[in-house]
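Per-chain numbering from 1; labels A, B and C assigned in written order.
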Amino acid sequence: MEEALQLIANGVVIGSVIAVAAVGLTLVFGILRLINFAHGDFLTLGAFAAVVGTGAGLPLYVAAIPAILVGAGVMGGLEKVLWGPMRRRGASTVNLLIISIGLALVLRYTLFWIFGSGVYRYGPISQRIDFGLFALTPQDVIIVVGSAAALFGVALMLQKTRIGKAMRALSDNKDLAEASGIDVNRVTMITWLIAGALTAYGGIMLGLQGRVFANMGWFLLLLIFAGVILGGIGSAYGAMIGSMIIGVTQELATHSAIGLPSDLKTGVAFLVLILVLLVRPQGIMGRKQAL
Amino acid sequence: MADVLLEARDLRAGYVPEVDIVRGCDLDVAEGDLVSVIGPNGAGKSTLIKSLFGLVPVRGGTVRFKDEDVTGAPTHRLVAAGIGYVPQTENVFPTLTVEENLEMGAYLRPRILEDRYEELFEWFPILAERRKQRAGTMSGGQRQLVALARALMLQPSLLLLDEPSAGLSPANVDVIFERIQLINSKGVAILMVEQNARRALAMSDRGYVLEMGQNRFTGPGKELLNDPKVIDLYLGGRASGGAQSA
Amino acid sequence: MIPYIEGVILTAGIFALLAQGLNLHWGFTGLINLGHVAFFAVGAYTMGILNTQFEVPLLPSFLAAMVAATLMGVIVGLPAIRLRTDYLAIVTITIGEIFRLILKSGPGVSELTRGPRGIRGFSNDFYFFRMDIGLGFLSPTQYLLLIVWVTVAVVGVLLYLLIKSPWGRVLKGIREDEDAVRALGKNVTAYKMQSFALGAAIAGLAGVFFAMDIGSLAPDTYLPIITFQVWTIMMLGGSASHSGPVVGSIIFWAIFNGTLFIPREIISGAEAAYLRQIGIGALIMAIMIFRPQGILGNREEMALDK
């Protein structure tokens, strides 16, 4: 029983990070129907941007700020010079998907180029704190709390603010949004900026686990897809729920009663992803629509 | 003599460059008018209304609104100028509540929200009861009311309706047409495309009968309703219009 | 120098085969397959395992490898029945990764595949065979090179004939408008599966040759990056063009290996490796943005603007 609780706790930690990244991905998908294969590498970008700051001696919470701005800026910049122009040229979502694969490679290996293949960290990893039923490092706790705060902020924005409602409206029915007078281009750009900031933040959360390296986001990408698809693509709340389920499930699968080798735990998430797409493609919170 | 609000002359429009669906149409809507456009399937009624709203490329002719040339103008400019539009299908934001749907309708002028809610909930009491309900969970008839209300949030002088009664049960058809007449009585000009030709013409100040993308007949609603040629062709003589008679 | 060029041409041949298979999936049928490396791996591993663990002679192992790859093609193709392109992309890459994980650490399987360290020792018979057919004057590499390129030619002709046939026309129809083809009464599912299966078989054969070239098998050779390299090659040469895979592969590997010659003083080996990957990514983007039809492709044939 204790083993299970510890695994669940671990799952909540990684699930939180996946959730933050997944919400960014699904927000963009909601308005553009674009599956961005470079999304994981934006996590890495955020994590490394913070490494630059901490490497210069800044505490993480200070270094995080320019890192988040960089993330938002790059995503917003790409909308302006790449995605927007390609959409206006009539590029299909498949064209854009393939472009995103190329972008992922460019981004990732530029980070390799700049930072090499080494592993970085923000600071020393502290001892695990015993919470009785399970143990987590202080960093893990920060990750869970920090992610929850960000997700709560996003939820609040989507529910209560005018721009949040416009984002949801655009995701529901772009033509109707336009017919209502909503400035689609502006809302699209704001969505990218929010997604960029959120993803960079997610990367920093991921990095807090103690290892920042150039492949970190890429390794998480399929898990993020799993979380998004399980939750229902296009639904931010779905992405949060789906990601937590994915995070916890893959950890629990390594329970001694089940006996799955730790190497294969991501395989469990992958199987969930495939099953969902075959059996209930709209996921938990999605609406039944032509996929 | 009411002022001309909308005036289209020799309008040509189509989705694909070589193929015009609207092939030279004239249209006039005066302030406070209720105008119907009827005709057989494929006549181009829907395309006509979409081309007036900037949703389908205009290839020729002119459109003037409030004495300004708006031929091919982008949608948001028309919304700002005072035109509202209700598409035939997918005309609400399903995951948004009724109230949020209306809020999006007034996106350009968020400050008038409270006043607008008040008036529209008066015109559509059922929406007041269900203001926090998600639009996607409402019945077809109720959704149509949400769609109408959303388009009215910015107090448009002209409302474009694409087949408002389509897919509704007979009881709901009554409700919709009754609401449309109410809205019109409040001074909003209405240009509607309808399959339900009889009902539409009966309540219209003027009607246009479209065929193959061109005007075929035009005149006051009641006259067209009683015109033997129109009856024969569209109102249940031998053709499609008969199936929808009230 | 000569052995070096032979090596490049050999690799180009293997990847030309891979691209021919992928071209069938994407170029001609419009199926976005991001798990192509899995067929490559299945071919290599089936041959390797049968030969080293079960002492199956070479030729049957080769055939079994192709059958296994075909089966894998059917498995990967099953989701394609229902899923639209973007989701198919995710599913195929995921299946590829699951497969690699199983090869590496799968309970039961990893005993057969020898886990992360892999398998060796299957290639000797293959090379000795060349003496038996009087080609002993060729070096092992030259021998393999000959076989690979003859295969590329044969497959090329085969695909050319198939695509011109009614079967091929249906595939192209599916690429353009699947619903229209279905409305004509064709069993779209069957055609998609056949396309997947055949393309996979070709990739499986490429896997066998690849294994012969390297002489060993390790799961982490078969990463998604290989799939992306094949995509680059196919797009570079021109999707839906018959000579595209050959042209694309030769150019790709010439440039790729060319970067190995950059002196260490200018950039280190590791940096050159990173630069190569950045180059691949940039190439993918550039092709898709500026010239989606690649070098030899035909703008009208592009399965893109759907």
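Keep in mind that, in the parts below, contacts are C-beta pairs under 8 Å (C-beta built on N, C-alpha and C of every residue); 3 or more make two chains touch, one makes a residue touch a chain.
Note that the structure is a prediction, hence the values are computed from the model and not measured.
Chemist: Between chain B and chain C, how many steps is the shortest route if every step has to go to a touching chain?
Modeler: 2
Chemist: Could you compare the number of C-beta pairs in contact for A-B with that for A-C and name the larger?
Modeler: A-C
Chemist: How far is the middle of chain B from the middle of chain C, if each middle is the mean of its Cα atoms, in Å?
Modeler: So the centre of chain B lies 56 Å away from the centre of chain C.
Chemist: Using mean C-alpha positions as chain centres, tell me how far chain A is from chain B in Å, no decimals.
Modeler: So the centre of chain A lies 43 Å away from the centre of chain B.
Chemist: Could you work out how far the Cα centre of chain A sits from that of chain C, in whole Å?
Modeler: 31
Chemist: Where does chain B touch two or more other chains at once, residue-wise?
Modeler: Residues of chain B touching two or more partner chains: there are none.
Chemist: Show which residues of chain A lie in contact with chain B when the two form their complex.
Modeler: 162, 165-166, 168-169, 171-173, 175-183, 287
Chemist: Going by the contact rule set out above, which residues of chain C touch chain A in the complex?
Modeler: My answer: residues 32, 34, 78-79, 82-87, 89-91, 93-95, 97-98, 101-102, 104-107, 228, 231, 235, 270-271, 274-275, 277-278, 280-286, 288-289, 292, 303-306.
Chemist: With touch defined as at the start, can you tell me which chain B residues reach chain A in the complex?
Modeler: Checking each residue of chain B against chain A gives 53, 55, 75-76, 79-80, 85, 87, 90-96, 100, 103-105, 107-108, 110, 136, 150-151, 154.
Chemist: Can you name the residues of chain A that touch chain C in the complex?
Modeler: Those residues of chain A that touch chain C are 33, 35, 86, 90-95, 97-99, 101-110, 112-113, 116-117, 222, 225, 229, 259, 261, 263-264, 266-267, 270-271, 273-274, 277-278, 281, 290-291.
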